[in-house]
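Look at the two complexes coming up: subunit A is in both, with subunit B in one and subunit C in the other.
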Partner chain A sequence: MTLRTPHRRHRRGTDRRPRVALTVTAVFFLLLYLPIAVVVLFSFNGQKSLTVFKGFSLRWYSAFFHDNVLIESLGMSLRVSLVAMAGSVVLGVALALGLVRCRTRLGSLAGLIMLVPLITPEIVTGVAAMLLFKGMDITLSSGTVMLAEITFSISYVTVILRSRIAALNPEVEEAAMDLGATRWQALRLVTLPALLPSILASAVLVFALVFDDFVLAYFTTGVDPQPLSVRIYSAIRFGVQPTINAVGTLMLAGSVGLIGLALAIPRLFGRRGGLDLLSGK
Partner chain B sequence: MAQRTPSGALRDRRGRSASGTRLWTWLMLPGTLWMTGFLIASLILVATLALGTTDPLGNPRFGFNFANIAAMADPAYRIVLLRSLGFALIACAVCLVVAYPVAYTIALHGGRFKNLLIAAIVVPFFANYLVRMYGWSVVLSDGGPVLKALRAVGLADAHTKILQSGVGVIAGLVYGFIVFMIIPLYAALERMDLSLIEAGRDLYGGPLRTFFFVTLPATRQGAAAGAVLVFLPAMGDFVSAQLMGGPNQIMIGNLIQDKFFQGQNWPLGSALTMLMMAVLFIGMLGYLRRTRKDEAEAAR
Partner chain C sequence: MTSSDAPSAGAAPAGAPPAIRLDRLSKNYGGSYAVHDLSLDIAPGEFFSLLGPSGCGKTTSLRMIGGFTEPTAGTILLSGEDVTALPPDKRNVNTVFQSYALFDHLSVADNVAFGLKRKGVGRAEIRERVGVMLERVQLGGLGDRKPGTLSGGQRQRVALARALVNRPQVLLLDEPLAALDLKLRRRMQVELKQIQREVGITFVFVTHDQDEALTMSDRVAVMNEGRVEQCGTPEDVYEHPTSRFVASFMGTSNLVPGTYRDGQVVLDCGPALPVGDRGGVADGSSVSLSIRPEKIWLSDFEPGMALVRGVVRETVYSGPTTTYLIELAPGVTVSVLEQNTDRSRMEDRWSGGESVEIGWRPEHCLVLE
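On to the complex of A and B.
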């Protein structure tokens, strides 16, 4: 056997295309997109039927925009997502900075607490938040949803930011301080600008996650108004109106757009960083 | 070894300064206090209320009795718990079996479309969970495309149903959470040294033997991480059982939901929540022991 370049070797390792794996992958992609395609397709259905497509029409979109309850829910979902985004980004970025730089015992405890939402099923967090609010005699409303969503989203921001901060070269910050900047100035003028793409990306991600979140919102919302996803849940449980297809399609478009934005932000800034969703690291 | 830097701050050997530590601690504090105040406190509240009772009007009362905990031994609850465990574990297994070839194909044969393909998997999972599940239930319905296709190739007859059965619930869980299996598997396969596969072949291992003795063991940690990431939300799910299953397929999440909304027995609901947490905790411990063993072996 002659010496091969790594490139050649790589090629050889993948020479044989495994037919079974390819078939599974094709079927997987088909089944992954089929449900989404069904929702989108039937949102344009001229008939009320959910199984037979007859004629293109925008009547369900028009029905949605004329439905005051749903529009009110949309407004609430947007408000909740915005507040949760702002709150969790501020708290989460600060927490991530502290966690990376502060190697004290308090720091490791904070790191553990931060992980709790990620290893607890949402139904548990939802039940717990609801009991806490009821126990403190707080009426459930959009405010309680915001509080619960902030709590849950801090972890996402912190996890995304932490790896980015750890990858920064601390010497740059030290150089700024050697040039006379205070630690706070170094943080504000050197570190935070370097983190801006990741911060924006995590903000967009949190917005999308909170907007689409159902379980936590379901347990912490009041009766009226209710977030859009809670309305969808009721609609799906008690017989689907085709309007839900239109709402669903709009929400799909919204989240796909937001995720695309979150993934594109680092590139817009022309440097690496931001979301590591795809590299899986 | 304290030494003075030009900026005048005192630093110890690792370059930390007292003022720095103070700033970092202050930065950490708001988020940590927030999470402790809301999350940790509320979880303790659930644990406490599990020992409580309800008054005749159904209002929760704190207390110290173990009636709710003892009620967990009731066969009715045990069946639901075992069913949830079964559904979640089968969903994990199905996710593994489906996700592995997908991750394998993309990681090893994806070429320059790798990132695009992974994005094509990740993006739909940010779409609204309920909308996706609802679309999935339409696809799996009696007149839906999946059953039509299965009937056409003779794998199903006119009476076969997917919805309103355990299969439907598992299909829902798999569709809901399979991305959590694909990502760690893909990462593991990406990291894997491909010359290992070649070595396996050079040693006259067939494709199957190479896969089972080389590729699979090398990516075991990714599979284990994926299993945990699927198992956690699957155990807590109640939407899949509601949309895809019937009244005979309820999971522990449905019981919890029922006790907090329709049934209005919060202490019992809290006890059920604690029971679920206990099961998940045991699962996590198993996973941690496994990975620690793997790490110890790798270090040797």
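On to the complex of A and C.
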């Protein structure tokens, strides 16, 4: 009993709540989410005002779903996201396989170059893509947006997949070949199924990234119909309509849902480490 | 190699080609040889072990037979057919990998059926053969489980069943028991040997565990630095090692330095011991006297034994046996293994510092140059 008191005092000393850290964290989250909270709140405003909240209503959601231009843009954004997702997953998985398996100097150089799009300012990528298309006399359209988004997204898929492929047991593919599978069959029947959780997770991530993307889409899109993010930008130049609040809230909900899905996929498969990047493990 | 006249259980009938013939097989990695000039004949139905320390080239040899590693030189013949240039999927050989390499996204039954499906075997036949094989490895009823839910021993059996169900000419096993705990390993050794006898398939078994090789094999090739040091029955390589390496790798062996002269070895530490006539060993050549710990006597000596005095330095009791470390001269210590058959208390035995006499039959020691 004589020892206990000083011991407890000591513990209380180190376990004391770090008040400064708590305050900083609170301010951080406030600054981060307050503007978004305002958008979500005012999307349900009964009035047209952007400063005074008066009564709950779904009129801005209704207005959005009756706005043909916005709906067309939404459709375009979904199309672009789906195509970019499919394209970048196919190319990104192939690239990751190549980078892991090809252990030459050229291979490791390619591995470094692959990371460049992740750190290049997006506006540089956007302007560069636009200049390339113009220089090649390609008319900007939904096709050019898709091409630019695929190029931009491959790196994400490759970064996620590369660590998973490196962690695979090479004996498993050898076992498949030992049992009579050709190299291609071994890849299709054994390796790709083992990578499926990571592939799905990276696909969802790419979809969310592309759907939200503005800068690249802005520089590479044609006239009509434009992706939703570009359309919103054009709209607010002529004054902010409360409809935009509703659109923003819907996009936010969609993105949060997708990211949640990306995180949940590996768990659904009963395995860890699908999205090491996002979960920080 | 004396493979054809080795008294192995599964010796090839005269005229039939060996199940495996390795002819001057080499693998060179960036200037150093992993396997060097390896020639071996393995008879059909034989349980053949490649034994050696890690890095001796045993796994590389196995991978070359399986088709996963391309040899730098030499040829591989399976039942007389040259398969050196064929990919793994074109060889009638299956492998049990060290990591088991199971397909985790498939059920146990689908794992086992994998090879048969690749071959285009009919559905009904696949189901039947998979069922029979799962029963044989005592996994009946677990066909619907995923490999991830099985224990280590069960996963090992799935790997075995997945390979054996294809009825290969040769089954390659790369340290398949290494990941199991000692008790389970002992049980699987017996079981594996039993299965091999039942199916009559040639097994090539890679291991670094000499006990395992001795227990299971018809013949053992002891490998060191990419070469076969000695190849023969377990008894051959254990009782009559032909090199210092084999003598010390196969169990414990006491190696005492000395000089051979007229049927005697004059130990560097003084005494001259009779070893019998050793043809082929030149008089005056420096040799190592090799003697197994269990072949040394501590009492009740017989006439004609080589006797030498020493001091007990250490007594290690380990249940059925006791090991004594006995110093013959400064720096020359031999270990002696004694059965504790007549003893229930150790007090009447020697303890450290006591001077004792030890002895052995001359024919039990080996003179290695």
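Please note the rule applied: the second predicted complex is superposed on the first by the 260 of 281 C-alpha atoms of A that agree within 3 Å, B and C clash if a C-alpha of one lies under 4 Å from a C-alpha of the other, contacts with A are read in each partner's own complex, and residues count from 1 in each chain.
One rule holds in what follows: a residue touches a chain if its C-beta (ideal position, glycine included) is under 8 Å from a C-beta of that chain, and two chains touch if they have at least 3 such contacts.
Model, not experiment: these values are computed from the prediction.
K.L.:
Which partner does A:Ala175 reach: the first (subunit B), the second (subunit C), both, or neither?
P.N.:
second
K.L.:
Going by the contact rule stated at the top, is it subunit B or subunit C that touches a larger number of residues on subunit A?
P.N.:
B
K.L.:
Between subunit B (first) and subunit C (second), which does A:Leu50 come into contact with in this model arrangement: first, second, both, or neither?
P.N.:
After superposition on chain A, A:Leu50 lies in contact with subunit B alone.
K.L.:
Identify the partner contact of A:Phe219: answer first if only subunit B is touched, second if only subunit C is, both if each is, neither if none is.
P.N.:
A:Phe219 sits against subunit B, while subunit C stays out of touch.
K.L.:
Which of the two partners, first being subunit B and second being subunit C, lies in contact with A:Val190: first, second, both, or neither?
P.N.:
A:Val190 contacts subunit C only, not subunit B.
K.L.:
Overlap of the subunit B and subunit C footprints on subunit A, residue-wise?
P.N.:
Touching subunit B and subunit C on subunit A: residues 174, 177-178, 180-181, 183.
K.L.:
What part of subunit C is in contact with subunit A in the complex they form?
P.N.:
The contact residues of subunit C facing subunit A are 66-68, 87-89, 93-95, 97-99, 101-105, 114-115, 118-119, 148, 162-163, 166.
K.L.:
What residues of subunit A sit close enough to touch subunit B in their complex?
P.N.:
9-10, 12-14, 16-18, 20-22, 24-25, 28-29, 31-39, 42, 50-51, 91-92, 94-95, 97-99, 101-104, 106-107, 109-110, 113-114, 116-117, 119-125, 127-132, 135, 147-148, 150-151, 154-155, 158, 170, 174, 177-178, 180-181, 183-184, 187, 208-209, 212, 214, 219, 229, 232-233, 236-237, 240, 244, 247-248, 251-252, 255-256, 258-260, 263, 277-281
K.L.:
Which residues of subunit B touch subunit A once you look at their complex with the stated criterion?
P.N.:
5-7, 9, 14-17, 19-21, 23-32, 34-36, 38-43, 45-46, 49, 98, 101-102, 104-106, 108-109, 115, 118-124, 126-136, 138-139, 141, 143-146, 175, 183-184, 186-187, 190, 194-195, 197-198, 207, 232-233, 235-239, 242-243, 253, 256-257, 260, 266, 269-270, 273, 276-277, 280, 284
K.L.:
For a test of understanding, state which residues of subunit A touch subunit C in their complex under the given definition.
P.N.:
Spelled out, the residues of subunit A in touch with subunit C are 169, 171-172, 174-183, 185, 189-190, 193-194, 196, 270.
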